[in-house]
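Look at the two complexes coming up: subunit A is in both, with subunit B in one and subunit C in the other.
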Partner chain A sequence: MRETIATNARAAAWRFVLQRGSAAVLALCVVVHVATMIYAVRHGLTADAIVARMHATAAWPTFYLVFVAAAAVHAPLGVRTVVDEWLGLRGRAVDAALVCFAFLLLGAGSYAVHVLAG
Partner chain B sequence: MNRDVAHQGVNSFRGRRNDARARTHPAYWAFIVHRVSGIGLALFLPIHFVVLAQAIAHPATLNAFLNWTRQPAVKVAETLLVLALAAHMAGGVRLLFVEFVGWRAEGQKTALSLAAAVALGCALLFALAA
Partner chain C sequence: MIDNREPTLAVRIWRGDAHGRFERYDVPRHPSQTVLDVVSHVQQHVDPTLAYRFACRVGMCGSCAMTVNGKARWTCRTHVDAVAAGEMLEVAPLNHLPIVRDLVVDMAPFFDKWAAAHGAFAPTTTRHDDFARVAPSSAQRRAIDATIECIGCAVCYSSCDVVGWKPAYLGPAALNRAWTLVNDVRDGEGVARLRAVSADDGCQACHTHQSCTERCPKHLSPTAAIAGLKRRVAIAAIKGEL
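On to the complex of A and B.
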């Protein structure tokens, strides 16, 4: 039982580190994303403009892949806390569903970046 | 059994309820805004990725979609989305400061005001550009 408690505590510590670490990365990404959105909308948002920006430099696809990865870590951990505290849902089935959600975000986001930059 | 032990502390905390004073503090509303915006963004993200990938594969479809977003009601919805994103970011940065720099009671209302100002400023800039 003591080992299980230690394992749970270790997992909780890892969730804390991942949640806050991804939050710090996302804070920077969101500032850049919001600034880019305002710039893009101001200069006329078209499919060509979006694709041209993604092809201009490898920095944009790289930035968005980092953004997607951080969001895929951060969002499921946040949802986990909310469904635990507000709905009382917890346990292995919930964690498994949230891992699926993380992979859905990672897959769909990476695919979107790939399609945009490809 | 193990899970019961692990959650014992949480459950004893969960049995307590905030009284009216806690719910009138700005930090409580910051907590609600952070939660609600987080849930909204988590629901929006997969749709955003799928729509973007689908639309880019067919540029004509994307341009038709972008034209559709020029309706006033869609612009209002987009602005609310930017507000949610900026509020979640600014509120999250405040929480990182509370956790890693330190909590000072006298600075909390200033920090909350700054976070609200950043969020509203981003939404306003987007609304003016849209």
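On to the complex of A and C.
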């Protein structure tokens, strides 16, 4: 019983750390992403020019992979809270489904980065 | 022409259990009248069967909290002037707690959560030891100063959206108490208390809406206390102490 409480406490604490940490990364990524979009629009860059720049350096694919990873961590943890509070659903099955959701986001996002920069 | 009619206040008071209804009473209006004065007038002069709870009448005991015009308040220190909208007053029992009868709620779930959050002081010395010396200027003591005046009225608990969504959530008052003891250098509970407040229904469930802080009649900030617990629990987890 005591070990179960400790395990649950550690899990709750780490979920908190991961969600807040991924939120901090996302905040930075969103600022860079929006600034880049504004730059592209104001300088009249075409889609081809943007894709060419994505190919030119490893920095942009790396940046967007970090963005995708942060989103894949952050979103399922937020959905977990919504599902708990609105639907009253929690437990191993919910957590397993959310892990699948995290991998889906990671896979889809990584594939998008690969298509643009690979 | 002078109107000699005594000014009155229309008050709607909840009667019955959870399936009850509001009933209207007309109460004489007086200067500096409190909501508790109004409820007491109804019980003493109109309907002696009205059930409500109070004790000190001076804002110390925390037993007279009710929902007044939709917001949880301590009724002994709430002037009718400050809350009566259009000379209409509506008094209901606190939210999120089982109604016993009329304005009386069962406080057991509220205080059970204080126990679940390890809200009891765990001494590390005996009566034979010397007094502990805690510097008033120390960071821990100043953190306690910001939380210790809680009177257990449950206004924060009744105002908390998260308690409404997740009835098992420990709530602002229990977590505020836990943070008080986490900062108490004399307390020996340590990691066990941090574990008790770190869970799906623990401190991490707080959304920082700050309704508790806005409504606390003692002007405490349970939100800040909960944020402190979140930080302390997170650091303990990262250090591998949890």
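Everything below uses one rule, namely that the second predicted complex is superposed on the first by the 111 of 118 C-alpha atoms of A that agree within 3 Å, B and C clash if a C-alpha of one lies under 4 Å from a C-alpha of the other, contacts with A are read in each partner's own complex, and residues count from 1 in each chain.
As a working rule, contacts are C-beta pairs under 8 Å (C-beta built on N, C-alpha and C of every residue); 3 or more make two chains touch, one makes a residue touch a chain.
It should be emphasised that the depicted structure is a prediction, and the values quoted were computed from it without experimental measurement.
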- Query: After lining up the shared chain so the two structures overlap, which partner does A:Ile5 touch, if you call subunit B first and subunit C second: first, second, both or neither?
  - Reply: both
- According to the contact criterion defined above, which of subunit B and subunit C contacts more residues of subunit A? B
- Figure out whether A:Ala13 sits in contact with subunit B (first) or subunit C (second), or with both, or with neither. second
- Query: After superposition on the shared chain, which partner residues are touched by A:Met37: those of subunit B (first), subunit C (second), both, or neither?
  - Reply: first
- Which holds for A:Ala23: it touches subunit B only (first), subunit C only (second), both, or neither? first
- Contacts of A:Leu89 with subunit B and subunit C, given as first, second, both or neither: neither
- Using the superposition described at the top, list the residues of subunit A that contact subunit B and also contact subunit C. 5, 8, 20, 85-86, 90
- subunit B-touching residues of subunit A, taken from the complex the two chains share: 1, 4-5, 8, 20, 23-24, 26-27, 30-31, 33-34, 37-39, 41-42, 45-48, 50-51, 68, 71, 75-76, 78-79, 82, 85-86, 90-91, 104-105, 108-109, 111-112, 115-116
- Touching subunit A in the complex: which residues of subunit C? 162, 165-166, 194-196, 198-200, 202, 204-205, 230, 233-234, 236-238, 242
- Write out the stretch or stretches of subunit A touching subunit C in their complex. 5-6, 8-10, 12-17, 20, 81, 84-86, 90
- Note on the structure: Per the touch rule above, subunit B residues touching subunit A in the complex are 1-3, 5-7, 14, 35, 38-39, 41-42, 45-46, 49-50, 52-53, 55-57, 59, 62-63, 66, 69, 82, 85-86, 88-89, 92-93, 95-96, 99-100, 122, 125-126, 129-130
